Amino acid sequence: MENKPTREKLLREFAPQIERISASSVLWILFLLGVIGIGVYAFVTQVTEGHEVTGMRDNVVWGIYIVNFIFFMGMSYAGAIISGALHLFRTEWRKPIIRMAEYLAIISLLIGPGYILLCIGRLDRLPFLAVYGRIQSPITWDVIAISTDIFGCLIFLYLSMLRDIANLRDFSELKLPKWRKKLYSALALGYTGTPEQEKRLKRATDIMAAMVIAIAIIVYSVLAWIFSVTLQPGWHSTIFGPYFVIAAVYSGTGVLIITMFVFRKIYRLEEYITRKHFVAMGVLMVVLAALFGYFTFSDYLTKWYGSEKNDENLIKILFSQYYWPFIFSNYIGVLVPLLVIGIPKLRTINNILISAIIVVIALWLNRYLIVVPTLESPYLPIQDSRPAWAYYNPTWVEYALTAAGVALFCLLFTLGSKFVPVMNVSEMSEIPKSKGPFTEEESLV
Amino acid sequence: MDESNEKKKRSRRDFLKKGLLAGAGVVAGGSLIAAYVDKSEKESGEKVRALTTDGQIIEVDKAVIKTPRVSIKESHEGIPGRKFVMVIDLAKCKNARKCVEACQKGHHLPKSQEFMKVYLLQDSDKSAPYWFPKPCFHCDNPLCVSVCPVGATYKRSDGIVLIDNDRCIGCKFCMTGCPYSTRVFAWKHYNEFDEDKEPYSPEAGSPGKEGTVSKCDFCPDLVRIGKLPYCAQNCPMGVIYFGDIDEDTVTNGTETYRFSELIRDRAGYRYLEVLGTRPTVYYLPPVERQFPVDRGFNDLDENVKNRYKNTPYVKSHKK
Amino acid sequence: MKDLQKIVLIILLLALVVGQKTVTGQEKKDTVSEITPDLKLGYLNTSNDSITLTADIFVKRETGNFALQNAEVEFTASADKENKSLGKAKADVAGTAVLKLYVKSGLPVDKEGKTTFTVSFAGKDKYLAASGNVAFKKAKILVTFTKEDTIRTIHVKAVQVEANNEQKPIKGETVNVYVPRMLSNLKIGEVKLDDNGTGTVEYPGALVGDSLGNIAVIAMIEESDLYGTVKGQSTISWGIPKQYYLAEKPSTRELWTPIAPIWMIITLIIMLTGVWGHYIYAVVQLIMIKRQSKQKKDYF
């Protein structure tokens, strides 16, 4: 029981996080609720007035809803893959950030599918997906895959939180209302850390970590296939599966870095999350940047080289109408992280944060550029005098719901961090005292 | 043994098909003097749902006569022993838009929804521009059907691809699946939908429903009673031919051709064959045209005319 | 739920609006001046002593022609002073009233052998009375077939029925030869009748019949001033048996069929059982943890 002091110390340190809600965080939560409220209003408008209130029309049938859907799902898979992989490889430096990755996985997984529901014209008929489901349809694959994924992530998150919940239950100094203590003790499943229990928990967690990685890859490929099984120029591509997976992990890494930064600031975790962690994540991001750049390049290179009529047309549009978004997402979004992290001198926390933000925006735009321009340049040229039919312009409803999704994401993260510390206390307390939370000797990835 | 079984099976199918059509042909009621009436042909179409009338004289637009509708279940099955095909003669099209108008009237569509669209195409700079009416191609390998998660869009035994608006969940996947931009979505409840008081039937494709997808349906409700689809009936130039490909015959109402001869003699082709969707709509190339392309701009609504203002042909003309 | 309520509301509102419109529309129509319908009478003699009379009733308005559904018309046959009512029929959805007659004898004929058929609409509401008529002589066309070596021939013979019931050949008329198709007739030849009222046309071959290879051939005198439209029909087994294109078996590669390919179902089942099996394993571990907690209680 030599870790005991560390655990006690950690718990004592993190207790305020979950015990108190400061005035500023109340304000913050109210603000988020406000944004979500606007989103709810937008949603009601869309349901009562029909999808006409969106910018989508017969040519661009999917707009930023689907972009958000891909984006959030991508973050979720990234969270799952990162936490699963870090867990399986027993990387030491994972410990302070693994809980955030798990939260990222589950929270964005709860929000993402909401966006696909916003695209659906008849929400009242959703049960038909089960009643009349056709296995041939990639949407059915997606429905099955996402629900499987949600269960997997929930189990995984729960497994990895179990010990912390048990800790909180047993931590007598915690000043919390009775119901919360009761909740902890119920959720802790009577875990007391006997060798037998520990063995079982470890086994289950390992298996779920592997599962979560595998499912994340499958699910995101399925999502990519929704696009690539069609014949649309720009979508009908064989590399979309791996491309999407890489892009997902890439964007997720960016989001994770931002999350790390934010929590580090708010909860004063400088002691635990150090520059080294940022650099480690940064290096991961660079690897992914290279891969992402490589996939993007080969996708567009093959289209451009052969210049089939419709591909040529698409590329022309990308380089004219969408010039800046295209440059930003596919050049700046790749090169900035490469430079910032590639050059050791530039590797400050702030710089890494900035490149993470750039990556996140670039990847959102990347998805937009995959979805919208393709729909704007179908095989038969659009001949329509109504501008909305020819060019997609998102309306306030779509923006409001996008903002609401981001707000919900922040809200759930905030509440999650109030429920169980954003750091895995039990894992961190296992670190031998001599070494400290993060050691120089450890390799970066 | 086998052969005679096969024969029996076949003739049963023939009978079904004939019975259906004969039944549909005789819709007249009323009192007839018994001695003169030919009773042998009195099998009334049980398959066809009769219109309810209270004896009042009703005026119905002759251009878009409504027909009795079959139930949703039946409309999933298809007309027995048929396989429909359409041939569009580009040489005769002058963008009169009568097909579009009749179709919209017949299906109770708002102006913003067109099942039939007329494009002004020009394959390359130097090649000739032409008017290109485009219905749904009712592909034999329809991607729209493959991707539908709930089977709301389906292909019937007679080759027609239909949408069941009572089942469609509005995911719009089929709209991206179709490479020919054929499908339209009801972005809201259009008033025109309410004009149709009949019960919904996928065969009639009407009344439309908010939040679902619809498209050209080859008017199986008309074909069932031996009439041509609205577009073919109403084209003043007789551009659109329709028929049963197994019978090798297509007609535009005034002329009837053997399908195989027409395609052979006029070098008929299918649009974007390369995509492998195997359309059942064939085009006859715009050769030896009866009208110059510009004739198609006459008498157009301003907003319809504006559709074509960004086409290469119109742009090059302005210069 | 909101959605539903709103849809119901909209429908109700629209019903109200539309309802009002039709009401005002009717009021307007009532004040509108009366109108005389057009009545067109079609005549088809199918040679087997059967005549089909088709009356088309419609009104012409600025916006197009409108069929008068449900209008009741009466058919009569007359010659000289004899007048015989044939029956009444109601116009169907397309404004067409059909009367099929089976007439071996008994129709009034004048001395040329002609019968005048009249259709009349008595008038109702704002629709004034209207009528139309045609006068034709009874005729018959016979279609027969012969085959010599590889040459197959269609023979046509046409006769007219005189007032005294005597049959005489029709000379010099043009007879069109068709095969009937689902939506129209496909023309396969034309015959100019000789002095015996006969003529031949070669059977063109490569025509699709029904699934047994039976094919109907029609010979028609169309819209003649004297005989009206006369049709003779016969069936022969010269057709190519009709192949049902994709009535039953689509090729296995395609994904649009209602049932997914078997490999897809198997893959899905394997993957799902694999994944969910592991989930269950993990959950079982959790349950075991819970069970074991009862055995030992101190953690710290």
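Residue numbering begins at 1 within each chain, and the chains themselves are lettered A, B and C in the order written.
The rule is short, and it goes like this: contacts are C-beta pairs under 8 Å (C-beta built on N, C-alpha and C of every residue); 3 or more make two chains touch, one makes a residue touch a chain.
If you're wondering where the values come from, they're calculated on a predicted model, not measured in any experiment.
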By mean C-alpha coordinates, which chain is most distant from chain C?
A
By count of C-beta pairs in contact, the leading pair of chains
B-C
If you average the Cα atoms of each chain, whose average lands nearest the overall Cα average?
B
Rounded to a whole Å, what is the gap between the Cα centroids of chain B and chain C?
15
Rounded to a whole Å, what is the gap between the Cα centroids of chain A and chain B?
46
Would you kindly tell me how far, in whole Å, the mean C-alpha position of chain C lies from that of chain A?
59
So chain A residues touching two or more other chains come to 134, 136
Two or more partner chains touched - positions in chain C
255-256, 258
Can you pull out the residues of chain B that are in contact with at least two other chains?
143, 146, 151, 189, 210
In their shared complex, at which residues does chain B touch chain A?
112, 117, 119-121, 134, 143, 146-152, 167-173, 175-177, 179-181, 183-189, 210-213, 272, 275, 277, 303-311
Chain C touches which residues of chain A in the complex?
4, 44, 47-48, 123-124, 134-136, 141, 144, 148, 151-152, 155, 158-159, 162, 166, 170, 189-194, 196-197, 200-201, 203-204, 207-208, 211, 214-215, 218
Flag every residue of chain B that touches chain C in the complex, lowest number first.
7, 10-11, 13-14, 21, 26-33, 36-39, 41, 51, 53, 55-63, 65-68, 80-83, 140-143, 145-146, 151, 154-155, 157, 159, 189, 191, 194-195, 210, 223, 226-228, 242-249, 251, 253, 256-258
Where on chain C is chain A touching in the complex?
2-4, 6, 255-256, 258, 260-261, 264-265, 268, 271-272, 275-276, 278-279, 281-283, 285-286, 288-290, 292-300
So, in the complex, the side of chain A touching chain B is made of residues 49-52, 56-59, 61-62, 119-122, 125-126, 128-129, 131-134, 136-140, 143, 226-227, 229-232, 235, 375, 378-386
